[in-house]
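So that you can tell them apart, the chains are marked A, B, C and D in the order they are listed, and the count of residues begins at 1 in each.
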Amino acid sequence: MSTVDEVGIGMVGTAFMGAAHSQAWRTVGRVFDLPVRPRMVAVCGRDEARTAAAADRLGWSSYETDWRALIARDDVQLVDVCTPGDSHAEIAIAALRAGKHVLCEKPLANTVAEAEAMAAAAREAGTVAMTGFTYRRVPALALMAEMVAAGRIGDVRHVRAAYLQDWLVDPASPLTWRLQAEHAGSGALGDLGAHIVDATRYLTGLEFTAVSALTETFVTERPTGDGGTGAVTVDDTALFLARLSGGAVGTFEATRYATGRKNGLRIELNGTRGTLAFDLERLNELEFHDGTRPQAEAGFTRILVTEPIHPYLSAWWPPGHLLGYEHAFTHQARDLLTAIAAGADDSAARPAHASFDDGLAVQRVLDAVASSAADGTWTTL
Amino acid sequence: MSTVDEVGIGMVGTAFMGAAHSQAWRTVGRVFDLPVRPRMVAVCGRDEARTAAAADRLGWSSYETDWRALIARDDVQLVDVCTPGDSHAEIAIAALRAGKHVLCEKPLANTVAEAEAMAAAAREAGTVAMTGFTYRRVPALALMAEMVAAGRIGDVRHVRAAYLQDWLVDPASPLTWRLQAEHAGSGALGDLGAHIVDATRYLTGLEFTAVSALTETFVTERPTGDGGTGAVTVDDTALFLARLSGGAVGTFEATRYATGRKNGLRIELNGTRGTLAFDLERLNELEFHDGTRPQAEAGFTRILVTEPIHPYLSAWWPPGHLLGYEHAFTHQARDLLTAIAAGADDSAARPAHASFDDGLAVQRVLDAVASSAADGTWTTL
Amino acid sequence: MSTVDEVGIGMVGTAFMGAAHSQAWRTVGRVFDLPVRPRMVAVCGRDEARTAAAADRLGWSSYETDWRALIARDDVQLVDVCTPGDSHAEIAIAALRAGKHVLCEKPLANTVAEAEAMAAAAREAGTVAMTGFTYRRVPALALMAEMVAAGRIGDVRHVRAAYLQDWLVDPASPLTWRLQAEHAGSGALGDLGAHIVDATRYLTGLEFTAVSALTETFVTERPTGDGGTGAVTVDDTALFLARLSGGAVGTFEATRYATGRKNGLRIELNGTRGTLAFDLERLNELEFHDGTRPQAEAGFTRILVTEPIHPYLSAWWPPGHLLGYEHAFTHQARDLLTAIAAGADDSAARPAHASFDDGLAVQRVLDAVASSAADGTWTTL
Amino acid sequence: MSTVDEVGIGMVGTAFMGAAHSQAWRTVGRVFDLPVRPRMVAVCGRDEARTAAAADRLGWSSYETDWRALIARDDVQLVDVCTPGDSHAEIAIAALRAGKHVLCEKPLANTVAEAEAMAAAAREAGTVAMTGFTYRRVPALALMAEMVAAGRIGDVRHVRAAYLQDWLVDPASPLTWRLQAEHAGSGALGDLGAHIVDATRYLTGLEFTAVSALTETFVTERPTGDGGTGAVTVDDTALFLARLSGGAVGTFEATRYATGRKNGLRIELNGTRGTLAFDLERLNELEFHDGTRPQAEAGFTRILVTEPIHPYLSAWWPPGHLLGYEHAFTHQARDLLTAIAAGADDSAARPAHASFDDGLAVQRVLDAVASSAADGTWTTL
């Protein structure tokens, strides 16, 4: 079977993201008409027993315990990087240099320098390189982007974005790699803030030009596995103001201490002609205020984004039958395979976004936020 | 000062409805431009001390302890009947025969026979006679009626109406006059069901043609004041199906046992072109689905009914500043005074609705519901 | 390979339900720890080319074009019936007699007689027979059932259930098999009404004892494929009142004409101690009013049913990451496989519900509704 | 009648705030049991004809055209200042020096210097001086303050506050005094931002310690009445980050350009034990997440703040009967009269808040915001 027909996939990482990506690779060809078939060739993890079990459980045909071996395989054309951020650069750059397509989880890297190297490698490679800002494929957010691009809210004046979780409220919650700067790079900023920065760029097409930020660590010591405690070396929350190209302004907030908010990625855009608002805890819905409607009937319309005319929906169930979190990964897989089939690089084919350049742009904003929080000044981009 | 300029008001009853009506009479001339001024001449109650205190508290210039004396006063042109249902007919008919305008709280009467006599008296009197279906003056419901009349939802196919309260959930709640058939006529049916029947007629312009009903009394004995218990002789809940003129069908429910629902008057109309939905617990809002909108942007629009263009709103606060329950009484007062100034009977002047004939029509539906519940058959109207 | 380790599945039907069931069979073993593995042995359809394509697309290892051949296969232990209702009885009974486990889509049959024969066959067979009332496996509804069973709302007094869709609002929508009595048995009643009847029995544990109903066909002629029109011979809507065991009463409504409501299965239960309410258009949420809370803090709590402690959720994503419509099918598959592994019949193992007896019970209620609508009288059960 | 029994009121200003205050003075004694009676002695405006008409319309016994004459009247004990901010200091200080009680609309002044002089005058006068942060008397916000004070959400970590309006979205909207710095002091900052700063202090009891801000004017020229245009010299929006005493952090936003948001004062407090959230567009509701509830039943509870046990509610209607915007003014009037009767200064009697010192504290925060926006640095308080 030729590579025209199939794309062999090798995935690195078997945790939460690995499970979500696997579900997407198993499902995408069963639901969408694809130009190429995905083949789940191999999964890679460090622990052999666990990786073997994961391969069996998640539906991969084989496994590797060395990511370099995975990349070297001829039957792998696409490397899917689902590891923590500190290994993204090394794996992704090696894969690109080996001529592979790459899907890399967000944030693209832990530092701007790494992200720059990755973006450079992607430009040189000429294969498809995608940053896994998966929420771009939530149908309601994809519809929101379409509506902004179509001028339905006019020029954006205000962005109001927050990503609210609460899993660190309890001081007894343990110290994991996500709370250690050497592995995670940052805390809420990189994990959650990256999403709202990317969503803003994606939805509005605008660039961040300056930020003023504060970060805070509310609980500075947490229990380790061994009965002791260790220092939390990342931010618990990051708040920032921003100016964007075109004169828009915005407030941004990422936190893991918003008691009761489980996965509250919220973004509202106020424009000269209307407003659009989204909340990931109601991911099948989009709120739209059309400022051009007659005043007596104007208001916020709750669009249930489950119609065949909505992005990705014609492949799924009848109207009113909801999709869930994992569907966005399936949609991402579909767009990525479509881009690979088209032989497209990002500049030519919209489906391949977010590009590594997009990932780099987000990293630069996160870096400016960290810098501003450290200095207490506005940081320009 | 001539009657052209002022309308002297005499109110019978000083309890909950008396307080709400008084607030309206005090306020209406301060907020609306009126063709005539209301004058709060006298309030009437049986207990002199309590009535005197109520007059002072509620802002009435004088008081009476005999409603016949109130009606006889030359300085009273409008009699406002806020007593329990068993005295409505006698007072209202006497007032009409004395040439007074009458506002009578709902339900118009406890029986169809009484309501017929009242409607006949109103037709003979030629003065303005209004049944106090106050919710017609909630701006969102008035807007809903306007939108239905303007064809915004096309022909109505479904009515889905419920009035849900929960103040009888506790079996230890005492036996009051509202739970005794000789005073209240019926229970949830007359108290709450009357509202959804009237709202349906008002909003759709359709008539009930047949009903199938059940009523139930969940708690049949309740404590009396004297340490004993007494029998509950009214319905705790009334449920019915209905066919309406024009082919529409509906479900209706009135209950005082919907735990957690405090004042949940909800009505939804599904038409050939759209849907409108209302909930009294969010009385400043109206939900509208416009079936003619492009599919990609269709949905339920939450209209915040606080714009100057909305019914009654130009007299109040800026957009987004909410009104409450009592404002509907002020709006009712305004419409009633306007009708009186116009010398209008109901057939000529829209503001005078609900007429006594409307009150009678509701009473006939309630009677058909009670009859159907007793017989276990469909009752036609 | 022994039946201890694997269950070979043969599915009849390749349309909407076939796709949903296939997604479940592909996914269940990847997400849940199962006592047996499902094997997607064969799919069956009448048209060979289309069935072959469906097998390839949906992930089935082989296909059949005669359901009798499918049942006869030794490698099939479970027959999954996803055909229209008029063929359920014949296929399911044949499968049961052949010693197979059976999952049969709802409604169990088009008539009570068929359902009785099916339930009898299931009792005789001793294999696992499940009716596909899939919504029982929506986590929020499963939680609701648990909470009712645990007494969180006390004794149920009111059931308020509706299943609202709008795909027939347009009179130009074509005449399909779903609108012809000979194939579909009934219209909204069997398609949508069956769900709210089953949900009521499942959630409350109560039985319907009497119903009063009306049915209506709003659009009696619809275009056929050949340029002409044909008669709609099923109900467009069915409304009924019900009395249930234990003294509860309820309103029920099924319609395909609720403009703007796409998949609005709503059910609210008012009990002596609290209220629970659900809407399928927000299927990850459950509303709970706890009547025992202090009055100052009481209200409706929106439970986001995505915690690991909630039914089925520990197998999925972190809190706040939503599930969709199709997940209920995966949960159903998990419970069915668990029951098969246990060698359980329905009386012993809760996971095997809804049994064919449950399916029959629903059919009897639907029959009583149709009978009441025809006669205009209350029908007792 | 002695001053023990009555408080004579003189109000300066007859526009929007004058109307709202008048409604409160007319109503408060009819609804609440008061220790003293309010007497609406005189209203004051510059234009005699319009002031005379306003007196008649709004229910004042007489009028003045010079506020000094109003203050000088022996029958006026309380001066109610409803003028634009640039005249607050002069009038309020004169009234205090004349031994009057003062209610002054917010913001207390246009500058910190003025506010300091006013607060000093209030301390010297010994009469009751209240800043009109009326939203403190919205029952849901009063309940929220009580719940925070009672520890229901533990220690506050996040404040998320916005006041969103949209009445300046249209560039053709005219240039009024509110858009001119010499009269209004500032734009959205003083008008809307003052409310969320005060609400934060009131609800949490915390002080602002540092802010980083940006302000923006989106439309810099607007039409004047005479056919020309003039410069907008105030901010259209103000955004700021803040650190508060006790380690809390927050985002704050005030804007008149949030298309579709009419009066969206929203404030959410995330604490170590729970979360409370409020939106003025649903002012009868309060959202509460109790982090100590069992995980399976946890969620946001929508408290309908209409129970007799809730602040101010026992004087009004039965549960579920909503209040509106203007009721908060009536509640403010009740608390002010209660404080006057008690001979209380703010330190002794909670009802007299917000004090002039509270008004000054808000002014200092607004000043720090403006300073930070001008300098591009964090400003400490």
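In the analysis below, a contact is a pair of C-beta atoms (placed from the backbone, for glycine too) under 8 Å apart; a residue touches a chain by one contact, two chains touch by 3 or more.
What you see is a predicted model, and the numbers here were worked out from it, not measured in a lab.
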Result of counting contacting C-beta pairs for A-C and B-C, higher pair: B-C
Equivalent interface to B-D, taken from A-B, A-D or A-C so that over half of the residue contact pairs match: A-C
Centre-to-centre distance between chain C and chain B (centres being mean Cα positions), rounded to whole Å: 42
Distance from chain D to chain C - Cα centre to Cα centre, in angstrom: 54
Between chain C and chain A, distance of the C-alpha-averaged centres to the nearest whole Å: 36
Junction residues of chain C, two or more chains touched: 261, 298-300, 304
Of chain D, residues touching chain B in the complex: 16, 20, 22-23, 26-27, 30-31, 57-59, 165, 167, 261-264, 280-284, 304, 306, 317-327
Chain C-touching residues of chain D, taken from the complex the two chains share: 143, 147, 152, 288, 290, 295-304, 307, 309-310
Chain B - residues contacting chain C, complex: 153, 157-158, 160, 162, 164, 166, 169, 212-214, 216, 218, 237, 239-241, 243, 247, 249-251, 253, 255, 257-261, 270-275, 289, 291, 298-300, 376-378
